[in-house]
Amino acid sequence: MMGKHTKSFAGLLIMAVLLVCLAGSSLGAPSAAVVDQWEIPFLNCLTGPIASIGEYMAWSAHRAAYEINQKGGIKGKPVKIVDYDTGVSPEKAVEQMARIVNKSLVSLGPVPEACIMAAMPLAVRQGLFSMTASTTYEYSTQFFPWTLSWYPPTDKHLAPAAAAWAKEQPKMKKVIQFVEKWACWPSMADAHADGLASVGVETFTVEVPTDAVTFGPLVVRALAQKPDGFMFTCTSEKVAKIIIELEKYGWKDKSKILIFSSADDMPLYTTGRDSLNGCYIYAYFDGAKETPRWKTFKENYKKDHGGLDPTSLSTIYYDCVYMIKRAIEETDVTGDPKKLKAERIMIRDYIRNMQDFDGIQMAWSMKDGIPSDKGSFLFVIENGIKKCVTYVEAWK
Amino acid sequence: MEIFAAQLLNGLSLGSMYVLLVLGFNLMLLVAKIIQFAYPHLVVLSMYVCWGVLRHTDNMLLVVLASVASCIVVNVAIEPIFRLLAKRHGLDINVSFVVSMSMALLITDVMSHLLNYGYPIAFPTEWVGKSIFSSGLIAFSAGQAYALFGGIAAVAAFFYLLYRTRQGRVLRAISENSLLSSIIGIPIIKTRVLSYAIAGLLGGLTAVMFARLLGSASPGLGDFVGMKVVAASILAGLGNLKGGLVCGLLLGIAESMAIGYLAGSWSNAIAFMMMLVIMLIKPEGLFGIEA
Amino acid sequence: MSPVLYYFLSFTGINILMCWSLYLPYRVGQLHYLTVACMLASAYFSGFAAREWSWPFALIVVVGILIGILICLIPSFAIGDAPCFTVVIIGLTIIFILKTAVENSPALGGTIGFFGIPQVNHLLPLTYLLVVYAGAVIYRIDHSRLGRAASVVFVDKNTAAALGIDVKRLGMFFQVAAGALAGLAGTLYAFLIGGLFPEFFNLGVIGTLMCMLFAGGHTTMWGVIVSVPILEGMQLLLPSAIASWRQVIYALTLIVIVLVLPGGLVTKRMLLRLKGKVSGGISKCNN
Amino acid sequence: MTSDEAILSTMGLSKHFSGVKAITNLDVNVKRGRIHGLIGPNGAGKSTFFNLVSGLLPPTEGQIYLDSVNTTNLPAQAVARMGLARSFQAAMMMPDTVLENVMAGMYYYSGIDPIGTFLRRPRVFCAQEREIRQKAQEALDFVGMADSAHRWAGELVWVERQLVQIARALVLDPKLLLLDEPTSGMGLKETEELKGIIRHIRDTGVTIVLVSHDVSLVVDLCDWVTVINFGEKISEGSPKHIQSDPKVLEAYLGEEEQHA
């Protein structure tokens, strides 16, 4: 207790001294905060059918804020994540964005794609940098430079992942891809097909209806085309259900199944269970790799989620909060409402080209709003745990 | 041919689930004069109860009992709401639709907020069971067998109850003319509650069979199924029990065939288009509206 | 003006239009969800015409309304006097078909969505001008023979027919009028939001509109003027911990209001009472 | 045109509901200017007959002539616009004031298309509305409900509803008025009042067809009576003639036995 207080007091003292020095020398190096706390709004989907995704995204942002505050906050002031619920409704998204657009330095979200499309034009008009980290390049790029993407252009970075899988399965010639028509998934599916084509594998598409109740008919249809393998571009729950059906219809070779990154979510594992053993999946995050921060994150996540493991999607906004922390610390941002406009641009420009960001599991750099050296991992699922097979080089 | 047979089998097992749901839905429509849009959502809620009980016991009988009991209890518990509604609005089924739609929203949101952190629930693998019969593309799982034969048994029992027993006659009398029934001394309210209870019983059984057929459930399942149940009921002619039987089954088969044969992204739209044409030609439904 | 107020007022205006477009067919007892399909079609058309063809706003509004009318007119030949639930299902079906069509049209952005609809100056005053005009038209419909005829059809179709009312033609009229309102709402919506996504138009929209209509009162056009701002404003005022239960609050509000105040917050009778046009309710007969 | 000419006549009219014969081969002639009674025991097909004549149900067989025009397969609204007004046994009131309810009867008033009305200039529109309002008020005066014009229609008692319903039927100046059980649920005093009103309507030149199972009312009020049972005409003639017809007595006695 004592130590912590001393530490933060010492920190404050050093800060104050620094401030005096810097003010005197007017070097333009980081200046102190004028706000009492850093309020970061998070436009997130907390109601409706996909509220579970919003829940863990909010959880990770709050987790990051808690950690930062434990260690003295940003420039000595605590950070506070304020949740704004958008549901999946564009109308709510715009209204919530309107509440923060004139007062916030930077914001997190919005989360589902419908909300991004509705709310971002307003953010762009008012000049608010909003970190739509969980969405794909297609959506973010529409609003550059006022957004960023966690992912490089879809066609460029998905193709190598799919191709890497195909190289592991040399005898595979014909693959059926299950595609659900939602947001940018069709274009992700095209990227997969391109990647497979580059190593001589032909792809056929079977569409997954959004409101399907059973998947037997779909699997019969797919199997009737006598494919050598399957690739999935649909919601995690549906992936699991289709794999179970495939098993029912006698499909044995699980290594000839590849699941795309967006399905790397809890429902895949809770619904699919044993049937997933041997399936391939690619993602941008190797959960088996232990770092101290990741370990703590995982333990706390499990504690708050009835023992369920976090997935690669759950850390996105955790890293975002740390990015904001670094951007504020490394620039002149003070949080002064009078300088809001300029400081927003400072944060934006810093984050968009942040070098060697120390993420929860790995370091990477951003270039013009997209990661420049972030590759993907190809995994095999065994008893609900992803075992890394190979690392796929980043797109350049 | 092999594909066709496989799809037919898939369609039949799904259709038998729709039939059960449409039956319960129509029963409340006929006797209580309400559109219970939230009925499929209640069934999904019972699936969650099944799942909860399964975590503590493997006893099949207990699970079925819990599912049936919960569905009956919840269904009977909401009866007073609709009774009060009828008292306020007369027998305005439009308003009952509005209210039940809100109930559906309520149930979905409670499930996605409170139960299993909003994640889909999964039933033990042995519940769905491996294929009990498999030949080429034709495969038949234990879950499908439960759905199909359980469905047939439940429907048979339901029609026996309705057409061969005294209680069934009472229910039918009320559905035909509730005013006259009350004059000749049939206890209207008691019988209405009975109809909710029977629908709850059917719902509880459906939940168990659904769990075995699908192997999992999610908060959004009620909405997916709900629309189809209402559509089947309307397509048959609102409240037409036998028509509902046919249309429920046909819907299951049509859905399987559409996914199995029609061009990818348009399969559901084509199915909807056919329904639209039928509705435009015969707005009262294929079999006509009953009482 | 602060963005919060701007968007609050804009969405209130658009939602009032949409609620009215549900209110009109409900005058003859039909829940006409087809209006959401009109909104979808006219929103996409407006976005496309503004971005690709650079049409002027006024022209887009007119054509947007015409599109709404057309989408309601064609089915109305079959469902002008159809039972309520046939209308419901046909509405939902057409929404679904239109959505599928949009998702499969690369020109409309497909499943990704349609970006970059240009801004229009003075959208808010224009919106309210159109809302007031639409309100005046609806007021006149309500206070003419059409409105009275609709009330009779709502109560009993046979009585209406015996009074010489062509139930089907009247239903068609109200459906088409609803289509025009929804077309207008769709155009305004597209320009307000600036980007469209097929998932915008889903069951949730219908649920919200129904809640607004029935909580406000479906017996008079004034009900939604009270309920829409309240329900729109609620989520802005509630703390986020409670706001995430918004759907539940909406649903409960609706159920309670429908049970306790059958006609909604504002009823025709209440308004007539205020104006002194209806006398107290003691019967002069004693039997 | 003589006053004896039939304003309404049916020839061989039949209606079957999925095999059940509600009306069989019925010939009825209603002479102009009369109060024509239609009586029969419960389930005799009286209401079905009204529904057929007013166009709410299509007949299975036979022809209907209204004022020498064949209206057999015309829809109800067309028949209504030709001058046939009717009341229902259960009077449905819309949730509004009594006056508005009566005004609702003037949908096709003076033949103007209401949708056209809606498009008129405000001044013309208001003038028309005033006229409609005035006419409705007069009709309420006629049935003795003038004081109730601004009451809420939902609060009217059964008897008052019948009167409002009649006023609503009268505003369009019908040639023929069909009254379905107008006195059901009424006490002696109200029945007498209603009798006066019906006679008064007849005196203004409107022909009336009255359905009732109340024999004494029909005998007292009507100029001519048709008796039907099981969908068939069993007797016809002046009230005196009917009272002594053994077939009629049998039909009614038979019914009483059933009740007992």
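Should a chain be cited, it is by its letter among A, B, C and D, assigned in written order, with residues numbered from 1 in that chain.
Basically, contacts are C-beta pairs under 8 Å (C-beta built on N, C-alpha and C of every residue); 3 or more make two chains touch, one makes a residue touch a chain.
These numbers were taken from a predicted model, which means no experiment stands behind them.
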| item | value |
| --- | --- |
| Any chain in contact with chain B as well as chain D | C |
| Per-chain CA centroid nearest to the all-protein CA mean | C |
| From chain A, the most remote chain by mean C-alpha position | D |
| Whole-Å gap between the CA centroids of chain B and chain C | 30 |
| Centroid spacing, where centroids are CA-atom means, of chain A and chain B in whole angstrom | 38 |
| Between chain C and chain A, distance of the C-alpha-averaged centres to the nearest whole Å | 37 |
| Centre-to-centre distance between chain D and chain A (centres being mean Cα positions), rounded to whole Å | 73 |
| For chain A, residues contacting two or more additional chains | 47-48, 51, 181 |
| Per-residue multi-chain contacts in chain B, two or more chains | 108-109, 113, 223, 227, 265, 268 |
| Multi-chain contact residues (two or more partners), chain D | none |
| Chain contact topology (line, ring, star, complete or other) | other |
| Pairs of chains satisfying the touch condition | A-B, A-C, B-C, C-D |
| Contacting residues of chain B [partner chain C, same complex] | 35, 81, 84-85, 88-89, 93-95, 97-99, 101-103, 105-106, 108-110, 113, 223, 227, 230-231, 234-235, 238, 265-266, 268-269, 272-273, 275-276, 279-281, 283-285, 289 |
| Chain A - residues contacting chain B, complex | 47-52, 55, 181, 205-207, 209, 211-214, 216-218, 220-221, 223-224, 237, 240-241, 244, 248-250, 266-267, 270-271, 273-275, 305-306, 308 |
| Footprint of chain D on chain C - complex, ascending | 140-141, 143-146, 148-149, 151-152, 154-156, 158-167, 173, 219, 263, 268-269, 272, 277-279, 281, 283-285, 287 |
| Footprint of chain A on chain B - complex, ascending | 3, 6-7, 10-11, 13-14, 108-109, 112-113, 116-122, 125, 128, 130-131, 134, 137, 139, 141, 144, 213-216, 218-221, 223-225, 227-228, 255-257, 259-261, 264-265, 267-268 |
| Contact set on chain C toward chain A in their complex | 2-4, 6-8, 11, 103, 110-113, 115-116, 119, 192-197, 199-200, 202, 204-205, 208, 232, 235-236, 240-241, 243-247 |
